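Each of the two complexes below includes subunit A, the first together with subunit B, the second together with subunit C.
For the complex of A and B:
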C-alpha cells in the first residue's frame, strides 16, 4: 500500500502547478504601445557663453512596442524607437576674465537622428523564465549592438524571485567632420554588464527588491566632440539598488521608494533617492507625483577648465556630467483606462546644481542642465 | 451560473474594478464549461466520450495537463479517484428501487479503469465502447485557481473567487485581515466553522446531501469505482491548500476512502481540514503549514454573526 504523507501533497501540488494557469508569468495578452516624448533643455545663460549657441538640446522620441505570447511557453517582444536631436552641445570650457567658467558651445547645427531596435524572446518554464535579447542602435556617427540574457526563478510559492542577467555590447564611434575639426576618425568601446537581483514579497502589501550591478567598459570612453577630453580606457562601475513598494487602503494607493548607490573607477560616487505615489481615485484613473534626488562626487580627473598645457595622454575632462553636482526632479504621472486602451502621460522637471553635489564645490558649472520632459502614450491590450 | 453551480467573485473597492474582474471571470468560467462539461455536446469531454472505442480525440496542452493531474490523483488514491467512474451513474439512477447486484455491476465496472485510457501528448482515446470520463471533479476547482490567476493578471490583488463552493482567496481582504469564509454543515443549519484565508484555496466535498434511498436505507452518492457500491464515508470534508484544485482532490479522496481511512489520509497529507462525520461530529486538522489560516473558529453565535456578507459554503458534490 502506498504510504501517504506530506510528500503526497507535494506530488499533488507539483501536478497542479503543471496546469497552465499556474505558469502564468507568461503574458496571455498581446500588447501594443506607442508613445511620444519631448525632452527640452533650458537655454544656456548667455553671460556664461564663450562661443557658440545658447540653444541646447531638444530630443523628440517616438517609441513603438509590441509583445505577444507565442504558443504556450514562449513570448516575444519588439521595441523600436526613433529620436530626433537638435540644438547645441558643450564643446568645452574656458576661464573667463572674472575667474568663472565659461562654456564653449557648438553651433546649433547639430541635427541628428537615432534609430533603435530591440528584439527579445522569452521561454517560460514552471518556476522560471529565460530570455535572450538583441539590440541595435544607430546614428550617423554611432552604432551600438548588444546582446543580453536574463534568467528569472521563483521560489517559495512565488514569494521570492531571483533575477540574473548579463549583457554585452560593442559601440563604434565615427565622429562627423572628423578631419575638419581634428577629431578621432574611428573608435570602439565594449561593455559587459552583470546584474543579480532578489525580489521578496514581505506581506500581501509590501514588496522589496535589492540588486547588485557590475559594468565594465573598455575602449574609447572620451567624448570625441569636446576640444580636450581624455578619459581612462577602462571604467568599472558598481551599483547597489533597493526598492520598496507598499500598497495602502485596499490597494488603491501605492507608494514606491527607490535607492541607488553607484561608485566607479573614475572615483565618481553617486546616490539617487526617488519616491512616487500613485492613487486610483476611480478604477479607470490613476495619477500621482514623483520626486527624485540625485547627488554625485566629481571624477578624479575632472577639471573645471580645459587645460591645453597638459600632455594629451593625461586624463582630463570638463564634462559637467563628471563634476560634483546634484539634482532634483519632480513630476506627475497619470493614466486613464478606456476599455482595452490605456492613455498615459507624464510631465517632469529636472534641475541640477553644483551646490547639491557630494563634494565641496570648487566652482559653478554653467553647463549643468535643467530640462523638461513631456510624454504621452497609449497602450492597447488584446 | 456556470458549471452547474452558482458562482461569484468578490473584489473590495470601487465597483468598476470588481465588475471588470467579474466580467472576465464569467467569460473564463463559461470557457471552462464549454470545453470540459459532460453535458454540452461539443465539449472536448463529450467528444472523447462519443469517440470511445472508435478513435482518439485531439486535446490541447491544458487538457493534457488536466489528465496528468488526474493521473496523479488516481495513483495517490490507489485507484479510488478515477475520472472514468462516472459510468456508475447508469446503475445508481434516481429512480432505482433495488440495490444493484454484482452481476448487474460487473459490465459497468469493466468500463472503469483510468489505466485503460490511452493518453498521448495531443490525443486521448477511450479504448472500450461505453467508457466515459468526467473531469468535473478536477476542472471546477482548477477553474477557481485559473480565474484567480486571471484576476491577478488584471492587477487585482484582493478577491474571492467562489465557483459553487470551490473557493480561492486572492490576497487578503484588508491589510491585516484575511478573507473570512464560513463552512456550513451540508445537512443545513448554522455554519460550523469560520476560517480566514490569504492566498489559499478551499474546497468542500460532501457525500450526504445527495443520496439514494433504497428499501429505507440511505446510500451516499460517493461510489467506490472498484466495487461499484456507495462508500460509507464522511458527511463532508473541507480542505485548505495552496491551490483549490489540490484542496478539492484531497477532499474527494478523503470521502472515497471512507471515514476512518479518510481522516488518516487528511492527517497524513498535512493540509488544514474540517470534516463532518456521519453523526454530525466535527473533526479538524490544523495542518503542517497553517499560515494560510489567519484564524479559525468553530461554531457558536460569534462565527454565525461574522458570516454575514460572506460566503456560506455548502457541500456541492
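For the complex of A and C:
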C-alpha cells in the first residue's frame, strides 16, 4: 500500500485558486462549494496477475470549499477534502514462464482514508496582492505539512499580470507493517517549488497565460510498499506551461486550451495537452466535452522486471508510472444555474497505453491504469 | 531553448495584443474563461494525475511529492 501525499501540491494550487484569474483584485462574492466524486480503476487482467488481487483502487472523495472577501483589502479561503480509499495496488513485477511481465499485487484489503486542509489568506494592494497558504494532509502512514506564498502584480491597466510563487513542504512516511514486511520504518522528504507566470489579455475575448516552474525534492523518493524500489534521493523537475482561453460570441462558447512540457533529473519528459469547449445554449445551462492527451518517456532507472541480483543501493523501479506510456482521457461536463446556486457534474474516462509513450520499442506494462471518474457538486455565491 | 521560446512568445503576444478596457471584460469574466474555472475540480483532477503519472506541476508552485497508488 502506498499513500497519497499531495497536500503541498493541493495547498499551493489552493493558493492560486484563491486569486482572481486576471488581475490582483479582491473577489466581490462569497463562494461556498461542495463536491463528491468516485474514482474507480479497471481491474487488472487476470492473465497478468502473478500474485494478489485483481481489484484495483477505488477512491471516494468529498470536498468542501469556502472563500470570502474580508474587509476592504483581504480575502480568505478554506478547503477541506476527505478521501476513502480501497482496493489493491502493484507491489512489483516478475517474469512468467513464457517471458511476459506479470504483476505482483497487494491484497484487496487496503482500506484507508486521507484528510486534507488548506487555508489561504490574501492581502490586496492598489496594483498587487500577496497570499500566504498553509496546508496539512494526513493518513495513517503519511503526513505532510506545507507553506506557500504568492505575489501578483498588475501592469498596463490590468492587461498584464505577473505571478510569482514559492512553496516548501515536509513529508513524513511511516509505512504500515514495516517490521512484518521489512519496510523502512520512518523516512522524510522535503520539497521546494517555484513558479513564475505571466497572464496577458489579448482581446476582449481572449487571454493567454505562460509559466515556468521549478521543483526540487530531496529525501526518500522511493515507494516503501514495493518489493524492490530504489530511486535517487534528489529530483529536480521543470515545467513550461501555456494556457489560452477564447470566447466565441457567435456560438456563445468558451474554448479552453492548456499545454505543459515537463522534464526532470530522472530523465522523464512529458507533454500534456488538454482542451474543453463549454457552450451555453441557454443562460442557465452550460455543457461541453473535454479531452486530454498525455505522453511521457521512461525514467533512466526504470526496469520492466524487478532485478533482485542488483545491489540494493542501485536505482531501479518497475513502477508503471515511470515507464514510457501515454494516455487519452475524455469526458463531458455540465452545469445548471438555479438562482445563486449552480449544480454541476462530470464524467471522465482515462485510458493509458504504452504505444502512446515518447520512447520507441518499449514493452507493455500490464499495470497501466484505466479509470473512470464521476463527480457531482454545487456552488453557492452570495 | 524553451525559455527563449517562451520569452519570444510573450513578446509576440504583448506586441500583438490590444489594450482591453475594463468595460470590455464581461466575456473575460465568465467562469469558463478563468484559468481555473472550478477550484474543486482543478484540485481533484490535479491530484489524480499527480498520483498516476510521473509528471506534475505547472499551476502555481507545486511543492509536495507523492507516494500514491
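Heads up, the rule we're going with is that the second predicted complex is superposed on the first by the 355 of 382 C-alpha atoms of A that agree within 3 Å, B and C clash if a C-alpha of one lies under 4 Å from a C-alpha of the other, contacts with A are read in each partner's own complex, and residues count from 1 in each chain.
Definition applied: a contact is a pair of C-beta atoms (placed from the backbone, for glycine too) under 8 Å apart; a residue touches a chain by one contact, two chains touch by 3 or more.
Note that this is a predicted model, so its numbers are computed, not measured.
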Checklist entry - Touch check for A:72: first (subunit B), second (subunit C), both, or neither? => result first
Next on the checklist: A:205 in the overlay: touching subunit B, subunit C, both, or neither? Say first, second, both or neither.
Outcome noted: both
Item to check | Touched partner set for A:254, first subunit B, second subunit C, both or neither | outcome: second
Next on the checklist: In the overlaid three-chain picture, which partner chain does A:195 touch, first (subunit B) or second (subunit C), both, or neither?
Outcome noted: second
Next on the checklist: Looking only at subunit A, is it subunit B or subunit C that touches more of its residues?
Outcome noted: C
Checklist entry - Between subunit B (first) and subunit C (second), which does A:317 come into contact with in this model arrangement: first, second, both, or neither? => result neither
Next on the checklist: Tell me the contact category for A:284 with respect to subunit B and subunit C: first, second, both or neither.
Outcome noted: first
Checklist entry - If you stack the two complexes on chain A, which partner ends up touching A:150: first (subunit B), second (subunit C), both, or neither? => result second
Checklist entry - Thinking of the overlay built on chain A, is A:160 touched by subunit B (first), by subunit C (second), by both, or by neither? => result second
Next on the checklist: Taking the stated contact definition, name every residue in subunit A that is touched by subunit B in one complex and by subunit C in the other, in rising order.
Outcome noted: 1-2, 4-6, 8-9, 11-13, 15-17, 21-22, 157, 203-205, 247
Checklist entry - Touching subunit C in the complex: which residues of subunit A? => result 1-17, 21-22, 33-35, 37, 39, 57, 61, 63, 65, 67, 79, 81, 85, 89, 110, 137, 142, 144, 146, 148, 150, 156-160, 163, 165-169, 171, 173, 189, 191-195, 197-205, 207-213, 215, 217, 221, 223-224, 235, 237, 239-243, 245, 247, 249, 254, 256, 260-262, 264, 266, 268, 270, 272, 278, 286, 294, 296, 299, 321-322, 327, 344, 346, 348, 350, 369, 371, 373, 375, 377, 379
Checklist entry - Given the complex with subunit B, which residues does subunit A contribute to the contact? => result 1-2, 4-6, 8-9, 11-13, 15-22, 24, 28, 72, 157, 203-205, 247, 250-252, 280, 282-284
Checklist entry - Given the complex with subunit A, which residues does subunit B contribute to the contact? => result 12-17, 20, 61-62, 65-66, 68-69, 71-73, 75-76, 78, 142, 145-146, 149-150, 152-153, 156-158, 171-172, 174-175, 198-199, 241-243, 245-246, 249-250, 264-265, 268-271, 288
Item to check | Contacting residues of subunit C [partner subunit A, same complex] | outcome: 2-3, 6, 9-10, 13-14, 16-22, 24-25, 27-30, 32-69
